[in-house]
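Take a look at this one; I'll ask things after.
Note that the chains are named A, B, C and D in the order they appear, and that numbering of residues resets to 1 at the start of each chain.
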Amino acid sequence: MPQPTARARWERRAQGPLLALAVLFAVAYAFPIVDPDAPEAVLTACHIVNWGVWGAFALDYLVRLGLSEDRLRFVRSNPLALLAVVLPLLQPLRLLKLVSLLLLAGQRARLASQVRVTTYVAGSCLGLLIFGALAVLEVERGQPDASIKTLGDAVWWAFTTMTTVGYGDMAPTTGLGRVLAVGLMLSGIALLGVVTANIAAWFIARFDKDDVEERRQTEAIRELTEEVRALRGEVAALKGTSVE
Amino acid sequence: MPQPTARARWERRAQGPLLALAVLFAVAYAFPIVDPDAPEAVLTACHIVNWGVWGAFALDYLVRLGLSEDRLRFVRSNPLALLAVVLPLLQPLRLLKLVSLLLLAGQRARLASQVRVTTYVAGSCLGLLIFGALAVLEVERGQPDASIKTLGDAVWWAFTTMTTVGYGDMAPTTGLGRVLAVGLMLSGIALLGVVTANIAAWFIARFDKDDVEERRQTEAIRELTEEVRALRGEVAALKGTSVE
Amino acid sequence: MPQPTARARWERRAQGPLLALAVLFAVAYAFPIVDPDAPEAVLTACHIVNWGVWGAFALDYLVRLGLSEDRLRFVRSNPLALLAVVLPLLQPLRLLKLVSLLLLAGQRARLASQVRVTTYVAGSCLGLLIFGALAVLEVERGQPDASIKTLGDAVWWAFTTMTTVGYGDMAPTTGLGRVLAVGLMLSGIALLGVVTANIAAWFIARFDKDDVEERRQTEAIRELTEEVRALRGEVAALKGTSVE
Amino acid sequence: MPQPTARARWERRAQGPLLALAVLFAVAYAFPIVDPDAPEAVLTACHIVNWGVWGAFALDYLVRLGLSEDRLRFVRSNPLALLAVVLPLLQPLRLLKLVSLLLLAGQRARLASQVRVTTYVAGSCLGLLIFGALAVLEVERGQPDASIKTLGDAVWWAFTTMTTVGYGDMAPTTGLGRVLAVGLMLSGIALLGVVTANIAAWFIARFDKDDVEERRQTEAIRELTEEVRALRGEVAALKGTSVE
């Protein structure tokens, strides 16, 4: 039977290779969209890499499951990890592989400090922006009445959407493109919230009320200490007179 | 004369059935809009269910009123409940039945914790989004120059509105449609506020100032306690010398 | 020479009539825009009322100035009141009379509590929305390529602008119309900020950290009090043995 | 070898002239865009001033570097100053000179108080708005299918973008124009965040929980002081009886 630390050891060792695989996945996902006229062999290679990375993540999940003492508890307390493995199987929503990578990264990073939360959200937004643009480009490009036709258009549209500016010079026209767009909009709201919350927390922590009540307390404690010291002096004097 | 707890007992018992009726109402409201070509009998049934649910809620209000000790005070301290019963009588604004359901739910839920407030606002936003889309679809569909013509269009438009992205590829053209749209916009602002406030409150609660003044106080109180203890020892010693 | 309280007495007495005049001004401002085909006499009456109200506010300023002990200091410490009187003289920006009314109201109200600030901002936003819509309608209506042509259009456009949705189905095309629009946009940002800040402040005040340090302090103070009481008992016993 | 304070003395002296040069730069940057039909001599003069100011800032950097004790450490701890000097060399992004001026101003100002942060962000937003509008105008004006063709158009577009309203009646169509637009959008989000955070911090500081626990503590400390005083009186009385 495996020792309690076997899974933790595996997770520590697997972290580096999995991150490298995630970058590889991102490249293999982006390339066929940016250059659809690339040689057939290259496109096939990208496809294989895509599924290879998925396989590696699925394997990682199974190994972690196998190394767990209480397997049912592992499945229940890691729902995101399971989701990240199962979601990409739904073929049309290939971008969800990216979301699941973000979920995995977030889960493993143990979001501890304000800086880390902000970095994570900003990074996720940037990732969603780039890969959301790519995904919408892939879906819309073939449509006859589409307004998003080049990579530049797609990135520009993603920025106007995520910042909630929404000029409307470009907008997805297919159902799947619109579903992706809603994801970008909601990410944009989250980004706005994190930016604002950061500034607010910083203002409040730095320029907090000059706590009057607390100062009055400190004053009162000091007075009391003086009083007790005087009392002690008097008792000492008393001791002198009593001994005599 | 009814006992003071008679109304509370009724409200506890009626909560479950009223919630079920509310879900039934939502279905009966949505169905004729999603499928306007359904058989006449089905559409009539939906209509009847709509008004039946309204009747049940009106009855609930009257029963609660009857079971109150001080009826005038009940009416005055439950303005939302009265509004929820009276508003749907204004025929053209049928969606307000939904808003009144949300108001009722909010009132009964006693919004106690941050999680509940967020859940309630997010749920209300989702409900308003779906039923706002349905209501705008119903109003706009018949117009010759309308841009919102299918259910997909309406939901897409509702998302772009509530996130304040506002592409403008679709927009209501009728007066009633625009009134509904304003409701969605204001809900969107509320949603944005709740998201931001949540993150800000979490940041502030978690990474709050390491209160230096308070620590200094605790230190001062401890020192003082030591002082008093020493004094007590001295008095005890004094007692010994005095007895001798 | 007037007494120090003469001005305060005047301001208290003038508050009611000035508010009534402000409402009258709003009606006289709005009417000719909503119904430009009204009889010539009515339009002239509105014009006269407009300038009469301005005269009353100017008179109020002069009386307050006359009743002040230190007149130079009054002018310097009430820049908004001066602005509110001077601004409407610039003919093309008639809406600024409204802004100056809001400034006056805000200055006199002494914004003391969170509820009042919110009420004031929400009221100002509503006022700016309605009168911004009217002003833009007046400016744009005559233009050949304008998209804002009816009162309904103007109010709808004002809502989409202030909530920062910005569909773009309507937009001002004249320079003055765009200046007014920028005012609405900035008000919208202020509104969004106040909504969010309200929710955040409420969350933080209600679900604040369960202050552990403070509890520890209260505990320490209680312990100390026990100690002192025991000491007092011992001193009392000592007094008994010493007397004997 | 220079003394440790030589650099600080230089920076204090150079601050005024550099600010004047920054204003001169802004004028020389804006003039050729606002009036492209000005005499050739004037346009050349503006060009020379532009590069002259850059030269002065580069010189300032070199002097500060020369006066530093540990030069490597100066370079590493002032990355923004280096960026501000190097960035403008990339010819197409001339606006970045402005951004680098803002960076320099922010770095030297030691952002200490809430008022200063807000002033700095609001000022930067206004600067970015005006010069962003100018830069986009310069880039777009020549394009055949551009919608931004006059200075008025550009400023109007910049406002709709920075407030995230985004009507879409105007939008940049060139790649460089869009990059500039993204900068304005992100500034707008920062502005929104600062406005909201300000209001939130003000609400929280002003209407903070009426700290009940702290008041109870102060009360307890005062009671305790009374207790000790009574004890002291008793000891004094004891001293009297003991002497007798």
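For the reader, a short list of remarks on this structure follows.
The criterion applied here is as follows: contacts are C-beta pairs under 8 Å (C-beta built on N, C-alpha and C of every residue); 3 or more make two chains touch, one makes a residue touch a chain.
Computed from a predicted structure; not experimentally measured.
Looking at which positions face the partner, chain A and chain B present mostly different ones, since fewer than half of the interface numbers are shared. Taking the CA centroid of chain D as reference, the farthest chain centroid is that of B.
If you match contact pairs by residue number, over half of those in C-D turn up again in just one of A-D, B-D or A-C, and that pair is A-D.
Fitting chain A to chain D on Cα positions gives a rotation angle of 90°, stated in steps of 5. Computed centre separation for the pair chain B/chain C is 28 angstrom, with centres defined by C-alpha atoms. A straight line joining the Cα centres of chain B and chain D is 40 Å long.
Multi-chain contact residues of chain B (touching two or more other chains): 164-168, 192, 196-198, 200, 204, 208, 214, 217, 221, 224, 228, 231, 235, 238, 242. Residues of chain B touching chain A in their complex: 152, 156, 159-160, 163-169, 191-192, 195-200, 202-204, 206-209, 213-214, 216-217, 220-221, 223-224, 227-228, 230-231, 234-235, 237-238, 241-242.
Note for the complex: chain B touches chain D at residues 164-168, 196-197, 200, 242.
The touching residues of chain B, counted against chain C in their complex, run 113-114, 117, 161, 164-168, 171, 175, 178, 181-182, 185-186, 188-190, 192-194, 196-198, 200-201, 204-205, 208, 211, 214-215, 217-218, 221-222, 224-225, 228-229, 231-232, 235-236, 238-239, 242-243.
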